[in-house]
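Shared between the two complexes below is chain A, which has chain B as its partner in the first and chain C in the second.
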Partner chain A sequence: MKNKITFGRFEATCITITLLSTQLFLNLPRIMMEAAWTAAWILTVYISLLALVLFTIIFKLYKRFEGKDLLDLGEHIGGSIGRIIVGVIVLFFLLYIAPVILREFSENIKIIALPQSPLSFVMIFFVAGMIAASYLGIEAIVRFSAIIVPIIIAGYLLIIAGSIQYTDISRITPWLGSGPYEIFVKGIPRISVFAGIILIYLLFPFIRTYRNFKTVGYASIGLSGFFLIIGVLVFSLVYQYPTGTESFLPVYQLARLIDYGRFFQRVESIFVIVWVASALLHLTTLLFLIVYVFKKTFKLEFYKPLIIPFSIVVYTLSFFPHNLISAIELEKSFRNLAWIISFLLPIVLLVIARFIKKNPKKEAGNA
Partner chain B sequence: MADADYIKLIKELLLFKEPQKVEKFILKENKRDKEPGEQENSDAINVDAKRKKSKGMHLNKNSESKQDEKQKQESNEHGKKEQKSEISEKLSVNLEYMKRIYSIPQNGDIILREFDIVVKDKVIPAFMLFYDGMVDRKVINDDILQPLMLLSNLDIKGDEKCIAEFVRNHLLPHNQLNEVKDYRKVIDEINFGGCGIFLEGMDSAFAADVKGWEHRGVERPNTEQVIRGPQEGFTEILRVNTALVRKILKDEDLIVENITIGRRSKTPCSMLYIKDITNDSLVNEMRRRLENIKLDYIIDSGELEQLLEESGFSPAPQVIATERPDRVASLLSEGKVAVILNGSPFALVAPATLAGLVHSPEDSYVRYPYANLLRLVRIIGILFSLLLPGVYIAITTFHQEMIPTDLLFAIEASREKVPFPSLVELLIMEIMFELIREAGIRIPGPIGPTLGIIGALILGQAAVSANIVSPILIIVVAVTGIGSFAVPNFSLGLTFRILRFAYIFLGAMSGFLGITVGLFIQGIFFTSSKSFGVPITVPFGPKTTRVWGGNELIRSPIWKQERRSDYLNTKDEAKQPNISRKWAEQDEGSGNNEE
Partner chain C sequence: MNRKIALLLLLLTIISILLTSCYDSHEIDDRAYAIALGFDTGTTNQLKMTLQFAIPSKISAGEGGSSGGGGEGGGSTSITTIESPTLYAGLNVINAYISKQVDLSHCKVVVFSEELARKGIHKYIHAMVRGREFRGNMHVAVSVDTAEDYIRNVSPTLEINPAKYYEMNYDSYKYTGFTGDTRLINFYMLEECSCRQAYATLVGVNKYEKSSQFSNDNSNYKEKGRDYPLEGDFYAGNIPKVYDVKSEVMGIAVFDGGTMVGSFDGEEALFHQMLYGTYEHSYISIPDPEQPNEFVLLNVSQARMPMHHVKMVGDKPYISTGVKLEADILSIQSGINYESIEKMIILESAAEEFLKKGIMHFLEKTKPLHADLCGFGRDLKARYLLWNDWVNVHWLNKYANSQFTVDVELRIRRPGLMIRSAPAKGSKGDVMN
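Moving on to the complex of A and B:
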């Protein structure tokens, strides 16, 4: 398994942050508020810490399997069948979330900026970006993310900074919101917010070393956790609990408040650029992962011929929900279950793989 | 038949073909054992680099040997056509042969001069050949013909028996004289402004370098003008150009390698690099590319650039073309490779990065705050030239809420009488502007000012009075134009000029969404393209060390630029010691002592 393409820690962290934090621009603050009421930010802190703990467990278990992704682990356990089973599970996961995200972003952009354009037309732009980027490969995507993610983060922090003047500390009282049981026990499945971390288990061969894997994992979970926490916190400080749950696109709602003097009052359109860029990066990464995992699962030689078919599949699947609300419902149910694949699956695979000892020579021959 | 072709074309477009496995060039890292830059270990690094070089050669062995065979075959074919290549002892045979080769007497500018010389009381017939206009007549008359015809009558002490040796030692005082046995070599020399001398009874000929054609002197560079800094530009003469660079660098490690390009034109070309700085694999790659260019004639380095670049489809230029010897010198000192082609006043320097294309030679000559301000202005210019019309269309069509109310009224009032939608209006003006720009270059000098008057009238006054376009749009187009003139690299300017139209259409189709998708695709294209193994978006993607220091996008103070660019993997990383302003340290030291 010689892999010529590799990328550094910074690039890998940037792309993982995109996959973890883009949901901020969708519904995350509202979903958190629905779950924990005024204590949404406590829930976010809690699940961020939980994600860090789980990642620590996973990376400790990963120690012996440097440079192996989830599919390699599957192969290590059960040969080709194991690899195909893991691959199909991951593919199902990716093919579920990609169309939902595509649909939500397109619907939101349609509502924000292009109310008269048909949805399919808006989607075509996203799909075009996804196809072009996937053709140029992961190296280009990752490098571009290293350039664009800092800009997106700067834009996001500007929105947060601009809306700080509207905050009021009393809006996050009562402190424990819906109650400790709701937050700390029922909130555990919310760890699926960090489901995107699956990216680094799949791209481990590109990240190469165990040390890089550790750094990338901690940095991306830590930074994304930070962005999610300040996003949720500022949102709950600006919009009170019942009102907040009714707002669509929470961060956009924040951006609309921004008012820098008399001249710059309606700058949220500029943030459309930030939104679309992060959405494109997110969707592109998902599409690339789909074709990459498909290729690897079935041991195909090339992935490029798969790009157009799979983008058509994603495009078509994204029309399945009747409307935006049902798409959001689909995302919510995903967020309840995704932890099974992104945290439980690697742990289970790694634990089983630890008990299976293979003849190292044979293994080398296979590789 | 034609139908079948179309079907084939469509199939080729739609169906997947297995990509050919090509080993792509990657700029390899030099192994560094100790702290680089120290004198002691530079030898070690050299050895290392040599080892690497031999490795690289080994990799390419197969392909190279194949190429050698091909070349041999080609030269064999060439030989067959001419039937013979060795010079004959009989003058009449040589004369006949040369007459046939140079199509005398149809060919008007070739001069064939027959004469006799006296060698030790023996009269020997001889002839010489050269192109009129390409040689220095004075040199031919004074240093070649006169001594041969007149001096040979003098009584010369010398006991050489061979005529060639005698003539060479006593009768030809010219300084650049070669004795060749091969017709091909004489012919090449004559074709490039030399003169060939044949003597009876001698199975070789003299080829004298007497070049002396008319050429332009060293003048100010036309396209890259600066206020501070040297005011010399390259000319069309290769040796003058290499000398201009050498004059600046004054370093014996500056290597000027000669390579000939063009099967027929045999255009001389020089590859310049600094031996103990530039990465060997980069030099080898440039040499490999230059040596493997097969075409009949090459005229300008603009053609060479297209033959050297990795991807013909990439929107960004992959080579820096510059007219300035000082710029070439400073890029060479960074560890890049330059190529100068005879007949072109533009040198090519590789690898190029996007950040490097925004640089102007002046940046190094002014203090760093000014340089950074100038760079910022250039980047704003690039953004304007690329995005302004597209953003204007996007805002006026889709995002009107962004415009403050008063401005919205102003725009609306000015557009009230215009019958076109803003896209059409914008396209009219952009096309007009491109027309004027193109015509401005092609127009004969004396009627140049007319164009300015017509342009100003059409673009400005008349178009507005006729209600064809709104005044705000004229401002937009004008600012875009000015922005595009601020792009320091001509090729990069053209890139943005073309892409601007794509953004206009994207903005008109779907506002900021379209523009962002366009930027995304363009960005991904940029990050995927490479120049001689270096990604052009370095140091930002992939991120290398020293992103903000040094002299990439932002220029740090000159005493802070201690290291060469990381992505070039140079043999010697340090440009200067950590403290290059020793005096400042001493000042502080003495100050402290006083305290």
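Moving on to the complex of A and C:
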């Protein structure tokens, strides 16, 4: 059965950028600084280039599997068992990060805007948005992202531009910070920052062509890499090492500093809007992927009945970390290991799939 | 269809209730906005805290013109002082006896007494940076008197809005050079910097009631080898002035890490800005090169960012610095025609020499305090590739061994609205006095 829903490259790029770049609003600049010290921006450039290289390998391998997502590849290799194994791995991956992200965003909202509101109360708004958007489906989510992502980018660039008055080039010296080994060898797992790229392997059936897949992949990684690099660079130029490693919510801290005269101050309110919009889009995409992957893994006919149960699961799991610091640690672990699922798994599946010849008739039937 | 509409209405009703933000809603009128916060060493407890609150109703009444354009700024604030073990404990106590909840999101300045600053203020700075209500653009100041005295003597007469008074008063360094950019965010960053030291605005309460009491006893002009003080040779609290507002800002307090180790007067604060590159412009009196008892007044501004070069030979830093300035002539008391090309060179050389001497004096004074205020360490840091190599230099420690070479280049650009100085004609002939 072919997908009836399709969307364009722009929409797919926007939604992928959301998944890749929202971490900027959480802890990414600080995590990069903790890893490479004054060379945080070099590490970000390095992993962005690595992500592009790995994506190039993946899309070359994908050539023979146009329109297939990771689960289809699993099925191609190992039939239903293969599909279920791949599906369960991806589900585990998504169900790990979605509650952590929900918890972090909600805790952060509590810290910066709603300190008296109970955490469960703050979370319920995110979950309500996630449920509503998931009911409307992937088409509505990506079309909405095509509208909102340019606005989020404009708000983000405004914050970055506004912080420039506080920058000082000497803050990113000594240039190699923690050292070449720490950056270029121990920094390799940091490629997990681009773990969100898994979205386009899962949405391949919706973007259909190999050419679209290539364009969306390069545009998403390229643009996200650019946003991550300037975010980390400006943060490092404003907050020297090691002071920057003390900083909670780095981009919010940058927004709080903006102060041009007595009239252009307190622009972090823009940040809150940008931030909540991107968080909601990010979490909605994750919830949709969870139910979509579950449905496809177990070949269910409908996904909508799964939305509420999985929302409850995500909501409940998000309370598992004892506190915000535990949630941040869980995110850090994810950002170290997620490359296994986002880059290694597709490469392994594609390489194995290339060596498996299928009966063309059976192939057509499966498709 | 009807079911869907009913469901939608139900949803809208629930959302409209929830979106009122019941837990965190605050009426502006229900908050007490602190605009200044002072810390002294307590007598009955660890800390003495003074808070100055704005009274918005009086400020808005003043803006309405009821006070005839002037306004009584002192009436637009309310001040309280308490003792408590910590900052937030103190706020808790204040919240218990004032009618509104204290809100620090509009706080413009935090003042530490010199006594407390010399014990170390890092913990208070951290508490403020951690708090969501404190903002990075509030100023950090050290009072030569108690912080309470200083805040109680802030009663602006030219400003109805006391918050605006603080903003403008602490930004006056942009056109006087006598203090510096001492915003909390800068202080916090410098305090934790391995290549530069932190500084705060020096404030105080003026002691003079009448002009006949004026004295130069607390000026450090003699230390600079002068016969009389120039305009910047004073610390806050000692400016020879009589004015309705007793509080004043002049000079900077210098920190080693989070502990105050010394202070610099207004002129030295100006040199600090010149050397760091944040100097905008100010009026400077230069002794006349041909008649030393007279002055030439220049409006000096920074022409280029200063150039520093630091070379480490063993444990000794050799620092050379170049400052490029330009100036407009404001006044020539002697009447000598310094506007002419030939004489202008003499004036430029004299001004360069005068400023160079002052800068050298300032730099020498920073050495025993380990106070690299001018960012020489930044330039050295850029020459290292690895952080650990840089940290092993122990720059702030070795700064005390520095040897300085200073080069000042000053170019006079404009003579004001007069192209030459002509003498007055009197019965005794030409006179310039």
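We adopt the following convention: the second predicted complex is superposed on the first by the 367 of 367 C-alpha atoms of A that agree within 3 Å, B and C clash if a C-alpha of one lies under 4 Å from a C-alpha of the other, contacts with A are read in each partner's own complex, and residues count from 1 in each chain.
Definition applied: a contact is a pair of C-beta atoms (placed from the backbone, for glycine too) under 8 Å apart; a residue touches a chain by one contact, two chains touch by 3 or more.
What you see is a predicted model, and the numbers here were worked out from it, not measured in a lab.
Chemist: Determine, for the superposed model, which of the two partners chain B and chain C contacts more residues of chain A.
Modeler: B
Chemist: Contacts for A:Asp259 in the overlay, against chain B (first) and chain C (second): which applies, first, second, both or neither?
Modeler: In the superposed model, A:Asp259 contacts chain C only, not chain B.
Chemist: Does chain B (first) or chain C (second) touch A:Asn323, or do both, or does neither?
Modeler: It touches nothing on chain B or chain C.
Chemist: Of the two partner chains, chain B (first) and chain C (second), which one does A:Ser170 touch, if any: first, second, both, or neither?
Modeler: A:Ser170: touches chain C, not chain B.
Chemist: For A:Pro305, decide between first (touching chain B), second (touching chain C), both and neither.
Modeler: The answer is first: A:Pro305 touches chain B but not chain C.
Chemist: When the two structures are overlaid on chain A, which partner does A:Ala140 contact: first (chain B), second (chain C), both, or neither?
Modeler: The first partner, chain B, only.
Chemist: Considering only touches as defined above, state whether A:Phe121 meets chain B (first), chain C (second), both or neither.
Modeler: both
Chemist: On chain A, what residues does chain B touch that chain C touches as well?
Modeler: After superposing on chain A, chain A residues 113-114, 117, 121, 125, 262, 265 contact both chain B and chain C.
Chemist: Note which residues of chain A are touching chain C in the complex, please.
Modeler: 37-38, 111-118, 121, 124-125, 166, 168-170, 173-179, 239-243, 256-257, 259, 262, 265
Chemist: State the interface residues of chain B toward chain A in the complex, per the touch definition above.
Modeler: Of all residues in chain B, those touching chain A are 16, 18-19, 395, 398-399, 401-402, 404, 510-517, 519-521, 523-528, 535, 537, 540-543.
Chemist: Any idea which chain A residues touch chain B in the complex?
Modeler: Answer in residue numbers: 7-8, 10-11, 109, 113-114, 117, 121-122, 125-126, 128-129, 132-133, 136-137, 139-148, 262-263, 265-267, 269-270, 272-273, 276-277, 280-281, 301-302, 304-305.
Chemist: Could you please specify the touching residues of chain C with respect to chain A in the complex?
Modeler: Checking each residue of chain C against chain A gives 18, 21, 23-24, 132, 135-137, 164, 167, 185, 188-189, 192-193, 195, 375, 378-379, 381-382, 384-390.
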